[in-house]
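Look at the two complexes coming up: subunit A is in both, with subunit B in one and subunit C in the other.
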Partner chain A sequence: MDIIHDDYQVHYDAATATVVCQGSFRLRGTEEYAPILQVLTAAADAQPATLTLDLRTLQFLNSSGINTLAKFVLHARQYQATQVVMKGSHLFPWQEKSLKNFQRLLPGLHLEIE
Partner chain B sequence: MPAAQPPRGPSRQALLAEVQALRQRVATLEQEKRDLEVMLEMATDHADDLSESLQQERDDLETMLEMTTDHADALEADLQSQAEALARRSQFIRETFGRYVSEDVVAQLLDAPEGLELGGAKRKVTILMSDVRGFTALAECLEPQEVMTFLNRYLEAMVDVILSYRGTIIEILGDGLLVLFGAPLTRDDDAERAVACALAMQLRMEDTNALHRQAGVPDIEMGIGIHTGEVVVGHIGSQQRTKYGVVGSAVNLTGRIESYTTGGQILISPTTYAETAAVLMVSHQMTVTPKGVAAPLTLYAVSGMRGIHALTLPTPTETLVSLPQALDVRYTVLEGKFAGSTLYGGRVVKLATRMAELHVDQPVAAFSNLKLRFLRPTGEVVPGELFAKVVEILPEDASRVMVRFTSVPEAARTFLDTMRGYEYHVINRAEQV
Partner chain C sequence: MTRIFGHFIARKDDQGEYLKIGFSPTSIPIQQRWRNNGLSADFLADYLSTFFPGDTHAAAERQAQLKSTISYVANELLENAMKFSYAPSQHAIGLAMYLEPDAVSLYVTNSVDPQAVASFQQAITRLLTADIDVLYLEQLTHNAESDSAEGSGLGYLTMLHDYGVALAWRFAPSLQDPDVITVTTMARLSV
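For the complex of A and B:
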């Protein structure tokens, strides 16, 4: 399940239970983010032991985007057996500031910023 | 004896039955009460659950709102720092290039910063170097204030021309200019614009001289050398002081080419010639062997250009006249900027305003620069030192050379005009006869 767009890509690798988000997410509102949320929730519904969301190459995320990721985290929270891992990068200052906030929704969320 | 009375009220049996029924009723009510209590408890528990889940949702929504706001703040901060970085960069580009390139080049640099390699980049450019002939000598006979006025007027005119041809002024060293075409921005017609710019500079020099003549300042002349080659351009310097600069052997070679020019001349290298030949007008070519260059180099003297930069230099109207009596000179050969110590003798046999045929006692190399003084027929030295370049060694006799004056002080000019005037006079008289 991949989403390929000129400005952004979402790759879901079921084998490693990893979703990689790349490029710039500048979509407008819930409606435009629905396909991305669908990929994310489907990955969570598979209930892997560890679910990785790799954002290291996500340069930009707008506010509707952070909302979408929050919805995903809330969805994943219901599967207590799944450990959610979020990977970020120091290259993009917004990631340092915003990603740690996801732990407020899911205290068990494991955050790796490199 | 009174008759027996019928028993009053319900019978004992009926009463017992009623009591039984009442007990039953109480038991049912108690059960109902217990059920209701359980139901109430269940409803309360359920309400608690609902309330708890609503609270959780409310908390989540609050968290999401805070996260979104935090995220928006983070993005705003990023944007702000990006805007500040961009503003600093713009300021830097303006400060670095603003004085030396035209406004539209600055605008282009700001629009396309990726085209700008500040770290240093190897690239092909066309280099233009110009130098004013005899400025040093002129500076000696002018008041300091006049020198500055003169220099600034000259530079203002030249900078104006250079910027209009999209040249990048790298260096202004006194009266000399080092200009690049092709950095920081490369264009297809860099070589062509460089040559056109040189022609325009020479033509503007004429206008500047016209202004100077009104002020009583003698004419000055400029030589321009042009070469196309690979150089490294970028920021050169220390943390404290840095400038956009250029290094490479192509720069040195341009300097050498420039040193072969005489006043009013534009000499270009074969690489520049190759890129401009289609539109070029060449008056002549010469072969030189610059110091540090292995093979002889052909240089082309440009007289004009066709096409969109159509410009033509005025044809020099120099007439050499034979002098009835050779004029003795004493000269030294310049080595770089310094005069050699050996004094040689020679005779000028033909004279024009800027050219002379000189017979030398010791052979001189082509393109040597001479510092010379004239002697009057009486033997006394004419005041004022002249500078001249050997432009040609006459084929029939190596001791006969053509020189072009690069600087003639006022006193010497009067002397030479008199000599030439005398000659005209003689010719005129001969014609009358």
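For the complex of A and C:
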């Protein structure tokens, strides 16, 4: 399940239960983010032991995108047997500012910023 | 009638270093214009970095942080302006950035639907008086349960909560057409 766009890409690898987001997410509102949220929630619905969301090459995320990731985290929260791992990078300063907020929605969320 | 919310700092164009961009009303669909938000925001952020050279490791780190903040804040302000401009007014959207020795300020002006002014001002009052930390978490949780077609309400909250930006607003009749109400949003970042 992949989404390929000029400005961003989403790749879901079911075998490793990893969703990789790349590029810049500047989409306009809930409707435009729906396909991305769909990939994320489908990955959570598979209920893997560990679900990794790799954002290390996501350069930009607007507030609608933050909203989308929050929905995903709250959706994943119902699967208590799944450990959610979020990977970020210091290369993009927004990640260390904003990603830690998701731990407040899901205290067990494992955040790795490298 | 002019109304101010927060510590709004009025500007005169002939003072200091500034950059202004205007977006005229156009028939191009919002879908296509949307891309300009990111382009303009990144342009401002790149432009600004000239004034904050990254010649040491610490300076480079500071420059990267500043660029990222301006790029985020300008993009959010423009997205809001485009979403909430009152189309029948045919009023342009204005974006200005002012540089001072200790701060960078962004100002975005757009028209507002007269019917939406009261609820907008209520939301602003909440932002300026509530505990931002609590409000932010509430909003994230609230949005997951009920989708608003108007937007996530997270733009201003992230600026305040994640980026430590000071926000203020000025509502005033348009200079070109006194029947049109405009709002100027100021986002000020200490540097």
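In this text, the second predicted complex is superposed on the first by the 114 of 114 C-alpha atoms of A that agree within 3 Å, B and C clash if a C-alpha of one lies under 4 Å from a C-alpha of the other, contacts with A are read in each partner's own complex, and residues count from 1 in each chain.
The criterion applied here is as follows: a residue touches a chain if its C-beta (ideal position, glycine included) is under 8 Å from a C-beta of that chain, and two chains touch if they have at least 3 such contacts.
What you see is a predicted model; the values in this text were computed from it and never measured.
When both complexes are superposed on subunit A, subunit B and subunit C clash. Once the two complexes are overlaid on the shared chain, A:94 sits against subunit B and subunit C alike. Put simply, more of the residues of subunit A are touched by C, taking subunit B and subunit C as the two choices. Looking at the shared chain after the overlay, A:62 reaches both subunit B and subunit C. In the superposition on chain A, A:105 contacts both subunit B and subunit C.
By the touch criterion stated above, A:70 is placed in contact with subunit B and with subunit C alike. Annotation: subunit B segment clashing with subunit C after superposition, chosen from 39-47, 57-65 or 363-371, is 57-65. Looking at subunit A, you'll find residues 60, 62-63, 66-67, 70, 74, 92-94, 97-98, 101, 104-105 touch subunit B in one structure and subunit C in the other. Against subunit A, the residues of subunit C that register as touching in their complex are 30-31, 34-35, 37-38, 64-65, 68-69, 71-72, 75-76, 79, 83, 136-137, 140-141, 143-144, 147, 149, 151-152, 154-155, 157-158, 161-163.
Against subunit A, in their complex, subunit B makes its touches with residues 60, 63-64, 66-68, 70-75, 77-78, 81.
On subunit A, the positions that touch subunit C within their shared complex are 24, 26, 28-30, 60, 62-64, 66-67, 70-71, 74-75, 92-94, 97-98, 101, 104-105.
On the subunit A side of its complex with subunit B, the touching residues are 60-63, 66-67, 70, 74, 92-94, 97-98, 101-102, 104-105.
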